[in-house]
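Labels run A, B, C and D following the written order; every chain starts at residue 1.
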Amino acid sequence: MSKKFAVIGVGGYIAPRHLRAIRDTGNQLVAAVDPKDSVGVLDQYSFDIKFFTEIERFDRYLEKLKRGPEAGRVNYVTVCSPNYLHDAHCRLALRVGADAICEKPLVINPWNFDALEELEAETKRRVYTILQLRVHPALIKLRDSLKDSKRMHEVELTYITSRGPWYQVSWKGHADKSGGVATNIGVHFFDLLIWLFGSVQGIKVYHSDASRMSGFIELENARVKWYLSVEKNDLPEAVRAAGKTTYRSIQVDGAEVEFSEGFTDLHTRVYEETLAGRGFGIADARPSINLTHAIRSAEISPKDELTHPLLRK
Amino acid sequence: MSKKFAVIGVGGYIAPRHLRAIRDTGNQLVAAVDPKDSVGVLDQYSFDIKFFTEIERFDRYLEKLKRGPEAGRVNYVTVCSPNYLHDAHCRLALRVGADAICEKPLVINPWNFDALEELEAETKRRVYTILQLRVHPALIKLRDSLKDSKRMHEVELTYITSRGPWYQVSWKGHADKSGGVATNIGVHFFDLLIWLFGSVQGIKVYHSDASRMSGFIELENARVKWYLSVEKNDLPEAVRAAGKTTYRSIQVDGAEVEFSEGFTDLHTRVYEETLAGRGFGIADARPSINLTHAIRSAEISPKDELTHPLLRK
Amino acid sequence: MSKKFAVIGVGGYIAPRHLRAIRDTGNQLVAAVDPKDSVGVLDQYSFDIKFFTEIERFDRYLEKLKRGPEAGRVNYVTVCSPNYLHDAHCRLALRVGADAICEKPLVINPWNFDALEELEAETKRRVYTILQLRVHPALIKLRDSLKDSKRMHEVELTYITSRGPWYQVSWKGHADKSGGVATNIGVHFFDLLIWLFGSVQGIKVYHSDASRMSGFIELENARVKWYLSVEKNDLPEAVRAAGKTTYRSIQVDGAEVEFSEGFTDLHTRVYEETLAGRGFGIADARPSINLTHAIRSAEISPKDELTHPLLRK
Amino acid sequence: MSKKFAVIGVGGYIAPRHLRAIRDTGNQLVAAVDPKDSVGVLDQYSFDIKFFTEIERFDRYLEKLKRGPEAGRVNYVTVCSPNYLHDAHCRLALRVGADAICEKPLVINPWNFDALEELEAETKRRVYTILQLRVHPALIKLRDSLKDSKRMHEVELTYITSRGPWYQVSWKGHADKSGGVATNIGVHFFDLLIWLFGSVQGIKVYHSDASRMSGFIELENARVKWYLSVEKNDLPEAVRAAGKTTYRSIQVDGAEVEFSEGFTDLHTRVYEETLAGRGFGIADARPSINLTHAIRSAEISPKDELTHPLLRK
């Protein structure tokens, strides 16, 4: 039977992927909220979606549904608000009797997991998150291929995705709201690396500013040099010449991991898994959140032989 | 030489058409403002666009450019904020030494034209608006075909474009901010009708609520029954069955005017005309604004033989 | 032992009375929230009040305290946000394990009581409201004097309190946010009348607009003509001549009830009662909320002999 | 003849001093704007003040008055919005044909004076600011006493004014919006010192964080050690013991300047001067704005014998 969804942050950039995932998994969006009212996008999905610009009125509506006939209740609340509001909006979901499906990062600071976990226990509802790289076919294949290898791998992660000045003006540019570059654009990759190579043994951070961060991570089975940036001038010459604005590379033992295809419907895949009872929960999200928090809090180390090549130039 | 543009309301629904028009006419966007910061769309156009969330800081930046080297000055300010802010934002444009290119309706209330015209005279700058139907090839052809006819035409205008509940929650649902249905979704058609059939001789309004309005207009060369709605239940059965959510029909003397194609780049066409010195100014916009204001203020008449068929059902 | 308080809406007009009541009852304010950040008033009470501009961050802080040592937990959340948010903010209080003390009106629409009552039962916490006229010494005396009388009294209630144009621009001028004049400035008096004269038997409404409402109420023991206005031109000549901007009169059987003194510390009195376990709860608030809702929804009756004299002029 | 005023930022902390100054100088407030709608304070002054929550609508109203009968025009716009908006709001004043009376600091960054000065020339209107210490009787007396002395004075300025956590959460705690501690709470004193002792010859800054700054200034006729703080723990023991939350001290050659009295109506005094054509303009404001900007931009020096005693502890 089709499930009922409500979406928090429906006017934002990432919302359409969730709207599509809800529709493409055969479910129904019944309510949405966003402080901005420019949400004509909803008309592509249904003309029967209650809309609110204030979280309090949204909460009132979901409470009313919760106390009404079972058929009308919201089963899932999708959270795609700015990062620093994720945990508050997940609590809202649990309190109105729904499970939460939350964009990454689930929380900015690890200690906010605790209240979420207690609330899960109290409400018997669950918090799920979107770790979409874990359902990427090429990456699943890579993981399988690495499974039996117990030796140490050398990994180099480079992710440069150009953003204009708006980025720093927006909540994404404020570390207390986005967690900064490592959290906001990096958390997916850090989750991927831990999922592929095991838990974190140690870190170093060589550079950290509002638009780029770089460091080193020792995992159980890999040593990772990483470089993350939203600065277009960091793009390799060849990439820029080709008119591209994003460069993404993961090298394992010198070989490029090819995963540029197959990104389009990963949200839908995660929804399918979640609806089938195989969603990613707090325990799954915790290691990469711990890591990004450690990176954010680390002192800067002098460059050494573990430094990513882009930073040594 | 390429012109410099700044955009007010860059995070809204209609902004991308302006962004494309600026790019496709070979010009350059240098600054943008929107109270909401979810404007990643900018990255599709340039990584060198200053962005602001407050109109005051945007004004400061344009003032600074105005007083700097001539090459850096903004030539045009595009206004695509909510309707009720259009005239204030056009004044901002003129004051910082730029021409304004403003979404429809240029103003909600006709008397706000006066201050704009005086300011045009004082600043020697111009306010242009987007009356895109006037550059639609099929409609230009229609106008030519009607030019020599001096007899009275019978016209029926029907425009039903479904909107979900968000519409009434947003500024579009507040008459003081959008002008209501006749102004917000109708002004283009009213401008078209006046452009085709001459000035307004008299009006009747039969119905007016937050989601539908209907009335009659006598023009120099036409008698127009009109019906405008954002209510999906108003869609003709056949349209709904075809899975469409919009129905647009103009019948002249019983024959359907076919203009469903060719809508995609009308903003760009208007920009071309404007940049070539053939833009639509206040004098062009005034008749349809006067008309929509009269419709908004009219008392409701009892239905009669001049009433649109959809309202007589 | 002193109790810990948090306040929602601390930047508003009525907040200082709550701040004083918290202090004067020997308790401690530890957290506050308001979307506007102009809250220097806090410095008059303590320099150790956590402050938030977003309800989500406030909720996170209270959740954290709830899960920390018992001595740090918030016992009461004072709600003095705009009327239409009261019930959502009371729910927040209950959910974080606190009792709510909420400004009038507790809710705008009676059905929102239901979710609050269920949540009270689920959380074992209570929602209290401020019905301060019930603790006014002169009115308590009046009530005592009426207690044994079972005959029908003739009552005339007139309350005219001038407000400038800002009132209609603010949330108070929007019926969906304030409930309109009868709810926003009248609910105290309606509660008083029911408390004095028994339950509502029937109503009539003769006039209703954004700045004045007038009607008739039959109570068990009284027939009430009432007139409420925020329009300064409604002030009696003599009042205006004296330079006053408010006129408040309750006549019982032709005799004026004198209660103009003793208004200053009624909030503190209600706090004392509430802290002593004698607070006013949902059951107390319900009759006057039902009444104001009925008034808001009533059709307008033609004037008759039950109409308030000011409306018959 | 009485002048007409409009006020920007009427809901803020400092607005009441301006409202009183307008009334007490016999003038009339006709319009006001603030994004927050909690402005019942207006009712203490008049019931005929147009109120707006959006600067654009306020601008429209003033433009309309400007183009209407001369008697209705606004002569002065009072600016008491957050610091970083001051210059934009002064430009608004000039553009609608009014003089501006602006809270300190007139601008945060000195280069914003340039556009204001050009606009003054273009519009033939003036920008005034509030430098209220210059009209303080005790300080005028001090200045007179120093006038003929040409020797170097030793000055120690200490200003500690406790603020709770709300301060850092509000715009005042963001350096780009308030200018930081030296600008926000210090600019008056720096203006005073320059007015008393002549222009700045050199500066040192020893400490700078979000709640305290300290440095040294060499003026023509004085060497100034200064210390500014919003941190209650910086209060001298004796001050704290007396239950006070502010400590203000200026010592000249070891002697305390007594000026704790006479602060109540300084805004009104400045208004009187301004209305009489003796207001403080851009030229008056510039030196202290230049100084606070230099302090904000300075590198931190190691402590030495010129360091304020509180920092040497």
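By definition in this document, contacts are C-beta pairs under 8 Å (C-beta built on N, C-alpha and C of every residue); 3 or more make two chains touch, one makes a residue touch a chain.
As the structure is a computational prediction, the values presented were derived from the model and not from experiment.
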item	value
Same or different contact residues where chain B meets its copy chain A, judged by the half mark	same
For chain A paired with chain B, centre-to-centre distance based on mean C-alpha positions, whole Å	39
Where chain A and chain C are represented by their mean Cα positions, the distance between them in whole Å	44
Set of chain C residues in contact with two or more other chains	none
In contact (per the touch rule at the top): chain pairs	A-B, A-C, B-D, C-D
Chain C residues touching chain A - in the complex, by the definition given at the top	54-57, 59-60, 63-64, 67, 84-85, 87-89, 91, 95, 112, 114-115, 118-119
Residues on chain C engaged by chain D in the complex (per definition of touch)	11-13, 32, 35-40, 42-43, 46-53, 162-167, 169-171, 232, 245
